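In what follows, chain A forms one complex with chain B and a second complex with chain C.
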Partner chain A sequence: MKYAYYPGCSLECSSAAYDISVREVADVLQLHLREVDDWNCCGATEYFSQDELTACSVIARNLALVDPQLDQLVAPCAACYLNLKKTDHLMAEEPAFGAKVNEALAAGGLHYDAGRVRVRHLLDVVYTDIGETAIRDKVVRPLTGLKVAPYYGCQVVRPLNSFDNPEHPTRLDELFTWLGADVVNYPLKSHCCGGHMTQISEAQAFELIRRLLQCAVENGADMILCMCPMCQLNLDAYQRQVNNYFSTSYNIPIVFFTQMLGLAFGIEPGKLGIGKEIIPIEPVLRAKLSGATA
Partner chain B sequence: MITIPADKRGLTFLDDVVAETPGGERLVHCMQCGSCGGSCPNGPDMDHTPRTLFALIEAGQRDRVLKSNTMWRCVSCYSCTSRCPQNIPITDVMYALKRISLREGVANGSDAPALARTFTGLLDKYGRSFEFGLASRYYLFNKPLSMLKMGPLGLSMFTKGRMSLIPTKIRQLGQLQAIIKKAKEMGGEA
Partner chain C sequence: MPEKVGIYVCHCGSNIAGTIDVEEVAKWAGENIDDVAVARDYKFMCSSLGQKMIEEDIQQKGLNRVVVAACSPSLHEKTFRRACQNAGMNPYLFQMANIREQISWVCQDKEVGTQKAKALVCAAAERVKRHKPLEPMKVKVNPATLVVGGGIAGLQATLELADAGYHVYLVEREPSIGGHMAQFDKTFPTLDCSACILTPRMSEVGQHENVTLLTYSELEEVSGSVGEFKVKVRKKARYVKEDLCTGCGICVSKCPKKVVDHDFEAGLGHRPAIYTPFPQAVPRIPVIDTDSCIWFERGKCRACEKVCPTNAIDYEQEDEIVELEVGNIILATGWKLFDCEKLPQYGHGRLPNVYTSMEFERLCNAAGPTGGKIVLRDGKTEPESVAIIHCVGSRDARHNSYCSSVCCMAAMKFGHLVLEKTKADVYSCYIDLRCNMKDYEEFYQRLLGEGMHFVRGKVAEVTEASRTPFENGKLVVQLEDTLLGRQRRIPVDMVILMGALEPQADSKEMGLKCGLSCGTSGWFTERHPKLDPVATMTDGVFVAGACQGPKDIPASVAQGAAAAARVQSMIARGVVSIEPIVASIDEDRCSGCRVCNNVCPYGAIDFNAEKEVSVINTALCKGCGTCVAACPANAISGAHFTDEQVFAEIEGVLWDAGQDEGQAPEEPQREADSVVA
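Let's turn to the complex of A and B:
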């Protein structure tokens, strides 16, 4: 199966572990991901706050650059996924707006026909296109005994959703059941991590992060699985600041779901970006998953 | 339900907000149920919850709405949007209010407008986001005292190979900038 691939800026550096593990896992699953050549930043939420036409034009450049032979685009980042999908949706729903976006694209010699590219989140592709049987077949190191808390965040499951329940998503839970993990059910699995609020208001952001960590820990999780770079950054990199702020002592590793998927497929931890997380996952792996430590 | 008399259409603040929001015409169907505010993770930090804000919009309280922090406390989690029984694109209404408040020069959302501008300024310049540049510029110009607190975090990200000190540029930067320039001319950016 062939797809265009849009890694997004976070996956270049701060969430390189996501990109590395996506590519490794894709190899095993024979997902052929062709990176969009010379893609640009999707603007996250920041361009929409200022200028909708520019926001969509910047995003549509990426849609226009998708290889004409491919009609599906995979994004692992929640914000990129939503922005690409939303722009395609807005251009299709409001043709007059779509025409304006194309007028802007024309200034760069580009054009995009709304609806040409179907934007997918990576989890959807893994769950739906690969599916249970093929995934179970590839498991060589079952995650038996590992208590994982799947964390969905906001932007994949809620707006314009087409593959999971916006209030009570289960796709990541199901996927990890196939890998043999002990999936923790915790009520905040699709609550907000605070997004960019860590940069704007500590008090507001840290409370949202604390609630999520507390809820996962309370329900016995060994680790939280993310499918969004912003969620991973907030829960992992800010965990010590959250501890300082609330005098708590959370020490729960936060990894991308593709990293654990890769471990279950027998890929070496070093090839999956294991070790790049700020709260080390190594002690958990050593205690519970023999043969999976670096 | 909000109703607009025929002779007032096109004249009210509500009309401005509707016009700025894709699918914004749904806003007139708000029945003040409060599902939005109840679902909002940041409701307690807002001057007005979304429900109150929509009542203020209907009442034409332009200043109170545009100078409030409500929309700037919205982090686009879409909880309200997915729960609204009247299918109002609430998150998009919040984006529309951010844009109007910036355009009219009354934005009052603490550091959120500055973060947005710093972020897109770097996008315009390089074609990619640049986290180190974003963090250093944003903190330096907006909250220099917090830079000290961010030091250890930045250092641990750097030692884990998760922060680059050099921006990545796209190859066809001129093409992207021509698109942005054209879009801004057409859209009248704030």
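Let's turn to the complex of A and C:
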């Protein structure tokens, strides 16, 4: 199976572990990901809050750059996924708007026909296109005994959800039961991590982060699985500040789901970006998964 | 006799005249359409003066064809046909042009509207000139009636008819009659016991000499038409011989298998594999659930057979098809509860102490699984606080956009029962409270007085994730209180979801069997939403109760009685006229190929082997025209829809075609074959 691949800016730097592990896992699953040539930033949440036409034009450039031989684009980052999908959707829903976007693209000699590229999240591709049987077949180091809290965040399943229930998603839960992990009940699984609120209002953001950490700890999770660079950053990088702020002592590792998927497939931890996280995962792996330590 | 056509264009007050220049249309018609003897416009054609105008013109000017351009024929075709008949003209020499629904109500440009009105009037005039006089067929009305559905609406209809002395066949899908009302504890706003008012009616129906009860049975097929329907009913195998069973219940008490009862007890209670759904069931004859019976599963047991004192158990019993002949049909097939798991944010099926409204009915019912004690799923803890969430699956664009109408009142009934039986605080989380029938507002006032908390806002989620120690171990209801203008988290022990009332899963199929359509929400469509609420577009088929739309008990009973009254008037008349719009076969042209035999959706065409031609049974034919189109030899024609009439209508509507090129309209090809080809 061949897909165009849009890593997005976060995966180049702060979430390099996500990119590395996605590429490793894709190899095992024989997902041929071809990175879009000369892709640009999706604008995260900022462009859309300024001007829709500009935002869509910037994003549509990436859709226009997708290899004409390919009709599906995979984005592992939640914000990139949503923005690409939203742009395609808006252009299809309102042809007049789509024409304006194309006017902008024409300045760069590009053109995009709405609906040509199907934007997919990596979880959807792994869950739907690969499926249970093939995944179970690839598991060489089952995650038995490892208690994971699946965290979806707010962007992947909303608002243009197409592959999971927007109110109570379960695909990541199911995927990790295939890997043998013990998936804990995580009722806040689709609640907000605070996004960029950490930059604007620490008190608000820290409370949202605290709730997510508290809920995972209360339900006995060893780690929280993320599928969004923003969520991972907020829960991991701000965990100590949250502890200082609330006088708590959370110490729960936050990983990308692809990293644990890779471990289950028997890939070396070092090749999956394990060790790049701030709250180290190694103690948990040492205790729960023998032979999977970095 | 040459055709003399009268054309009458209605203003309908300003309904039509506001968008169409009716005077111009009438004047134009008088001057431009051939054979028009008189063309008039009038304020209200349907008024008695309007009708009189037509009658006088027929008598004085010798009209022999009439066109009225007004509203939809479904409203006033009968009125004007009668006026024509009163003046001695055959009513089928009348034609209606719908210039209101099809033009004035949907058009803003007066010039365009007027132009289209001319086209429709011309079409009607060209068509009516080719009409043939027809005589309606008379059919005797079979006084027996079929009622489908043994809930409160169906029971009411059955009793009204049976008490009037007419035979009723009552078909019920479940093993007992009673419907949803049998599951309820109390009824709002009077709080009388549901079973106490329902069960006397059930036993009256069960024992009535004029009622044939067919429970555990489903409507299989309906043929024929008003006055003389032929109906097939599938009596599902009970595995208990009805003539031998005395209803002693020994088999039920000795059955070693217990399964969760997802039907009557809404999943809260258990029943044996051989069971009657509840103690007051009518009939008392049990059924064996083959999915859970040990004998059917593993070929062992037969305990019920051993204990039955009358040898009524019969494991070999098979479904039976019963054929009935009835004059009229009343559908009272009711509703089903919305699947609350479609809203996972409310946690039903995931969070144990989230209940659906039907579960709660059973929970507080004295005959229910807890003996009427309101306790949590653990079976012993009394809740200290209860939240009732309104509009679960109703007034929600993602599920059902309509209001389910009964849930506000049912929620207050639940609130009252919780306050009466426990010390719990009760919160009603509503969008709008709708308490708009007799004594309903008073009931709301009463609940306010009893201390029920009303919180206005749509609930976002019900979660077990606590934020404060105060919330620990509770279900937290998160919503925006739109009166306070802020987010609230209400920690409670129990949540009740007021699920939407939805059409039965098979309502579309049921509608197809009986010639009914369903609206966009799936409820059966009545003949007129205000003026004819229990009749349908199929003569002789009536609807009653919630199958036509969400309804409470008083409204369902009223409709059951209304449908029965309509049927009684049909029976009293004794004879109904049926539109003579049927197909007929020209035996000389019929090659006996039998293509039409198979395409007829009503099974109305047989083959006469002796003459080697197909024959149409006019009593079954509905005039749909399928055979007319299918016949390769053009041997079939549909009365009132002959090729000549339809092509004349098309010519009429295209009266101005070709004018742009400055040409007179060409004489169109009238030969049917070439046009069809």
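Observations on the structure shown:
Here is the rule we go by: the second predicted complex is superposed on the first by the 294 of 294 C-alpha atoms of A that agree within 3 Å, B and C clash if a C-alpha of one lies under 4 Å from a C-alpha of the other, contacts with A are read in each partner's own complex, and residues count from 1 in each chain.
One rule holds in what follows: a residue touches a chain if its C-beta (ideal position, glycine included) is under 8 Å from a C-beta of that chain, and two chains touch if they have at least 3 such contacts.
Just so you know, these numbers come straight off a predicted model, no measurement behind them.
Measured by the number of chain A residues touched, the leading partner among chain B and chain C is B.
Shared-chain residue A:44: touches chain B; no touch with chain C.
Using the contact criterion defined above for the overlaid structures, shared-chain residue A:283 touches neither chain B nor chain C, since it reaches no partner. Looking at the shared chain after the overlay, A:168 reaches chain C, while chain B stays out of its contact range. Once chain A of one complex is fitted onto chain A of the other, the partner contacts of A:187 are limited to chain C, with no touch recorded for chain B.
In the superposition on chain A, contact of A:270 is made with neither chain B nor chain C. Of the two partner chains placed by superposition, A:95 touches none, neither chain B nor chain C. In the superposition on chain A, chain A positions 167 are in contact with chain B in one complex as well as with chain C in the other.
Chain B makes touch with chain A in their complex at residues 22-23, 41-42, 45, 72-73, 75-79, 81-83, 91, 95, 98-99, 102, 110-113, 115-117, 119-120, 123, 127-129, 131, 135, 138, 149, 152-153, 156-157, 160-164, 168, 170-172, 175-176, 178-184, 186-190. Contact residues on chain A toward chain B in their complex (touch as defined above): 9-10, 12-16, 38-41, 43-54, 57-58, 61, 90, 93-94, 97, 100-101, 103-110, 154-155, 158-159, 161, 166-167, 191-192, 194-197, 199-201, 203-204, 208, 237-238, 240-241, 275-278. Residues 343-345, 350, 461, 463-465, 467 of chain C are the ones that touch chain A when the two sit in their complex.
Residues of chain A that touch chain C in their complex: 165, 167-168, 187-188, 211, 215.
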